[in-house]
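Here the structure is laid out as structure tokens; the discussion comes afterwards.
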Amino acid sequence: MDKKIIVGVIGTGRIGKLHTENIVNNFRNVEVKAVSDIYADKVKDWAHSLGIENVYEDYKQILNDPEINTVLICSSTNTHAQITIEAANAGKNIFCEKPIDYNVEKINEALEAVKKAGVKLQVGFNRRFDHNFKKVCDLVKEGKIGDPHIIKVTSRDPEAPPIEYVKVSGGMLLDMTIHDFDMVRYLSGSEVEEVYTNAAVLVDPKIGEAGDIDTAIITLKFKNGAIGVIDNSRRAAYGYDQRVEVFGSKGGITVSNDSDSSAVLSTEEGVFSEKPKYFFLERYKDSFISEMRDFFDAVENNTEPPVTGIDGLKPVLIGLAATKSYKEGRPIKIEEI
Amino acid sequence: MDKKIIVGVIGTGRIGKLHTENIVNNFRNVEVKAVSDIYADKVKDWAHSLGIENVYEDYKQILNDPEINTVLICSSTNTHAQITIEAANAGKNIFCEKPIDYNVEKINEALEAVKKAGVKLQVGFNRRFDHNFKKVCDLVKEGKIGDPHIIKVTSRDPEAPPIEYVKVSGGMLLDMTIHDFDMVRYLSGSEVEEVYTNAAVLVDPKIGEAGDIDTAIITLKFKNGAIGVIDNSRRAAYGYDQRVEVFGSKGGITVSNDSDSSAVLSTEEGVFSEKPKYFFLERYKDSFISEMRDFFDAVENNTEPPVTGIDGLKPVLIGLAATKSYKEGRPIKIEEI
Amino acid sequence: MDKKIIVGVIGTGRIGKLHTENIVNNFRNVEVKAVSDIYADKVKDWAHSLGIENVYEDYKQILNDPEINTVLICSSTNTHAQITIEAANAGKNIFCEKPIDYNVEKINEALEAVKKAGVKLQVGFNRRFDHNFKKVCDLVKEGKIGDPHIIKVTSRDPEAPPIEYVKVSGGMLLDMTIHDFDMVRYLSGSEVEEVYTNAAVLVDPKIGEAGDIDTAIITLKFKNGAIGVIDNSRRAAYGYDQRVEVFGSKGGITVSNDSDSSAVLSTEEGVFSEKPKYFFLERYKDSFISEMRDFFDAVENNTEPPVTGIDGLKPVLIGLAATKSYKEGRPIKIEEI
Amino acid sequence: MDKKIIVGVIGTGRIGKLHTENIVNNFRNVEVKAVSDIYADKVKDWAHSLGIENVYEDYKQILNDPEINTVLICSSTNTHAQITIEAANAGKNIFCEKPIDYNVEKINEALEAVKKAGVKLQVGFNRRFDHNFKKVCDLVKEGKIGDPHIIKVTSRDPEAPPIEYVKVSGGMLLDMTIHDFDMVRYLSGSEVEEVYTNAAVLVDPKIGEAGDIDTAIITLKFKNGAIGVIDNSRRAAYGYDQRVEVFGSKGGITVSNDSDSSAVLSTEEGVFSEKPKYFFLERYKDSFISEMRDFFDAVENNTEPPVTGIDGLKPVLIGLAATKSYKEGRPIKIEEI
């Protein structure tokens, strides 16, 4: 069978490995021809077990392979923009993990290169492909709730990251909330114009000492008149809490968490049900496959990917505004960024 | 049987009637000796059908009856403070419907009079006595969720009030959200220190023309470090939406809406369940009885009522701050009021 | 106010007291003029506190009072049939607690007397008036599930009764399941034609020693072709379990248990919700008021009561058939009884 | 990489294809070396697309390949027993789709051959591996509900099969309910001793004309004293309905259906949620992978497979007894079969 899409995966840490395995196991018309990793030695066995023979240390070997028409950029965040530019210049279609960068100028340069090269770019906001959130978006688009009035996102991690990570993360609002900023754009079908951050250090004082926050309520104003709110915590004792609600002129939609089973145990002590799925790779398992499917469809059919370069840029702008809002204690317009 | 609590009800509109009937039907040791209403003629038949013989036009006849030791003030809002003062001076125990007033000075005068007279005063924040919210409060107090981090209240009316009412209501934040300001104090066990209002006119442009808002997200900072958010709408198409969530260091609690039955109908078209109870008197039916029970207990046992004068004052202060925040587009500290 | 319905309550044990209080507190147009109890001395204070002056030892004093037009028969089961006959002969409308009797002949005699006298008779199958079950019945009648195919009732008590009670109860199938036999008739809108009982002693061996069972699955065939199943236990560790399901050609309806609040607590240990209401008087609280309302309506408007004498007879026939089925280990047709 | 388990798949209809794809996509240490199908031509392209080069018309070519150590028997039911015997004689480990046969003698012959050959045999009762049912079983085994008293299974198909299929299916109780007979054994941890069938033709009169039933309630007695009930319909308008409940001395466990999302839409018309997953391959998707995983583990570690030959036999015995019960209108002991 001729495979039309020949992929190279750049960076095979946790998320790079996941995408690679998803492609091998689910897309028979897509070939992963090569992977690159700065620790190539460590991932060789893994790659070979998947039938991938080419394992490079230098991602440029992937960019230089004319047979490879598509790359996945899964390397560390600070390399995303640069590799995107090089990959675009090499004429490759690009799936780039989020965020492209935290620097707006760099993002714009990367988007410019992509535009000039006329290649596809999809950014890895996988949650849009989650069965629950996609259903909400579909129902909103179908007009079931009329005009959106209030968008609500609850997003709480099961555990705070290590302090060393917190220090280099860019701050919770850019590291964690960025997914939620994408989500509110996705669900509202509109752009955020203003943001106000009410945040605190309640989970771990060390996070405060590292200059970050761990608990936040962020309110938003949208161009279409709707208003929104995101609440975040770095640590929900009961697990990974990922819910949304969209309320509008004709009604509302809510989605609750996924869990491992629907079992409900009733005893003298009470009525017990399962906790939410704990780990994001479990919770969003299928969404990672779906985003790949839509990306490959866009490449194959020469259509616009479902998450574009602009979709990569906007959440960063909102995140920067939210951070500024927290620091200055006032609402910030996105255009101030 | 000797009845120790002899009640006079001042104002027998919707809520005054409700309290009167609740007392007659549920508290055999309490006697409603008299009611007063500026339209006494219109309520005579109703009162007599309950076995209440004394129906006055002038509430002072109630205050002048030495046998009556307790009054319910259910007249129009602008009379609450004045009648509270007079009733206190007459040595009556007082149940006063919310709010005492929208003017802080007037409230303080009333509280002063109550204090001086040494009578009981309970303010009618009935939602604290709701089975769902009371359970949340109890679980929080028992430490089940550890330290509170995030308090969330969703409060949406089934229908916007008439524009004529909107014009004199004091504004949505004082008229409707005031219940939610009481609720966050109740659930957090702490005082609000700062408030920020993100609001819009989305339900009905006429509300905007009348100078008010109809949709709002209000964020809050509490003295104990917790943060909170209230979202309001004057019109939820599916009915009266009253939910809360408290999230803390050890977990979270949510409560959902009450409905008329637990029936779930599954057909080819989908899975249908009941809408939330539509009308606040239905939704909060039992809470009105419970608040009376606790008030009479406080009177009888000479203990502090569960909702004090201060509990009547604070939500007004928060409401004034929230209104100012909306007008000035910035977070407002309560101490600025 | 002239009260058209003047009631005498015969027997003021737990259920007699409940009905009396419900009438006094909820039906201002109904007067409870007298109560009778073989332990009249013990209930005098209670009656007087409700404003009921006449407390008799002998129920005949009630039957002899020409002003009383309606009686509630709440005395012990073995007196129901006899008092029903006497009350009918005295021209009183009758609300009789379930069952009329366990002896079919006696029931028929009572029904005959009622028919001859032309008085109203309603039997106390209160569960038909429960908000959940009524909703199911309404949806079935509206044709929402098409033709009924399968009727399922789960009915489990929170605790087994004392062994002394078990011995005189007539057996679980007549004492406890009788409510469920009424329920399946109510929900199916059809008559049971055949019954098969699969039962065991699993809760308490003493119940077996007393000649009874404590756990049962009873299957049913209905005249309209539908089939059904009831499952019973004398003891559900988590509380009073009362659920039904009706499945038909166009879909299905289920109802779940009521609980004290909708609170859901999520912690590291799991997700906890409230147990079902434990006590039948709590669980079915409102249904007892509703059945009275409908009874008084039937009396006042001279219409057929919602639960007739035949509705009192049929469940006893099914219960006798179910008992015979258990003893003989084979399905039993109702016509065999 | 050396693959220890070399598989041949016999029969590549719907379920054979599913297993093959699941192995290729999920078990890198397992090789599918060959498939056979009486319509080999029709499946060649499919097989090659998966990298399987050997596609035979005659399954004996698989049995004769000494490198193949494991076979999946997915051919038509009437060939299962014979091929099982031949595969056992050829020393292959066997995964055989359910049922082995409807003839008890033939099943026993097959089991005998497997025993003599000392090979592994797992029977394809995949529902045991479903996330929901497995959780129930685990909780029961952990003693969370104490001793099981009542086992309930609701199992309804979304659509009746074609009449031509009904005619050769062996009857609903053997064709469809057989899964539920396995389920009650799995959940109760005990053997069925007696069965009574209450059945009807309510979905489609043509099914009755074909000599079968389409709606049934089957009650069961277990060796450990517990009792049980299964309710079946060939057609649930709302989709595939698969629920169980286990009730015991210390409490109960229920599981509900899976659906595509947790979205709940509330509008003026009502509150809508998703229907159950409609198609069994979707509903039980992961269970098919899990049963393979456990089978390969048993082969690799030389342990007993989780669903043994006896587990293949027993549900057939219960199904035959249930059929006899329906025909004779009386409870049937399994030992009568």
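Should a chain be cited, it is by its letter among A, B, C and D, assigned in written order, with residues numbered from 1 in that chain.
Going forward, a contact is a pair of C-beta atoms (placed from the backbone, for glycine too) under 8 Å apart; a residue touches a chain by one contact, two chains touch by 3 or more.
Protein names from UniProt, one per chain: A, B, C, D = Inositol 2-dehydrogenase.
Worth saying up front: this structure is predicted, and the values here are computed from it rather than measured.
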Checklist entry - To get from chain A (Inositol 2-dehydrogenase) to chain C (Inositol 2-dehydrogenase) along touching chains, fewest steps? => result 1
Checklist entry - More contacting C-beta pairs: B-C or B-D? => result B-C
Next on the checklist: For chain C (Inositol 2-dehydrogenase) versus chain D (Inositol 2-dehydrogenase), what separation do you get between their C-alpha means, in angstrom?
Outcome noted: 43
Checklist entry - Where the centres are mean C-alpha positions, what is the separation of chain B (Inositol 2-dehydrogenase) from chain D (Inositol 2-dehydrogenase), in Å? => result 58
Checklist outcome for this item: In whole angstrom, the CA-centroid distance of chain B (Inositol 2-dehydrogenase) from chain C (Inositol 2-dehydrogenase) equals 39
Item to check | Sites on chain C (Inositol 2-dehydrogenase) at which at least two other chains make contact | outcome: 236-238, 250-252, 266-268, 274
Next on the checklist: Per the contact definition, I'd like the list of chain C (Inositol 2-dehydrogenase) residues that touch chain D (Inositol 2-dehydrogenase) in the complex.
Outcome noted: 146-147, 149-150, 152, 156, 196, 198-200, 202-203, 215-217, 219-221, 225-229, 231, 233, 236-238, 241, 247, 249-252, 329-331
Checklist entry - Hey, which residues of chain A (Inositol 2-dehydrogenase) end up touching chain C (Inositol 2-dehydrogenase) in the complex? => result 236-239, 266-268, 270-276
Item to check | Residue ranges of chain C (Inositol 2-dehydrogenase) in contact with chain B (Inositol 2-dehydrogenase) within the complex | outcome: 1, 25-26, 28, 48-50, 131-132, 134-136, 139, 144-145, 250-258, 260-268, 274
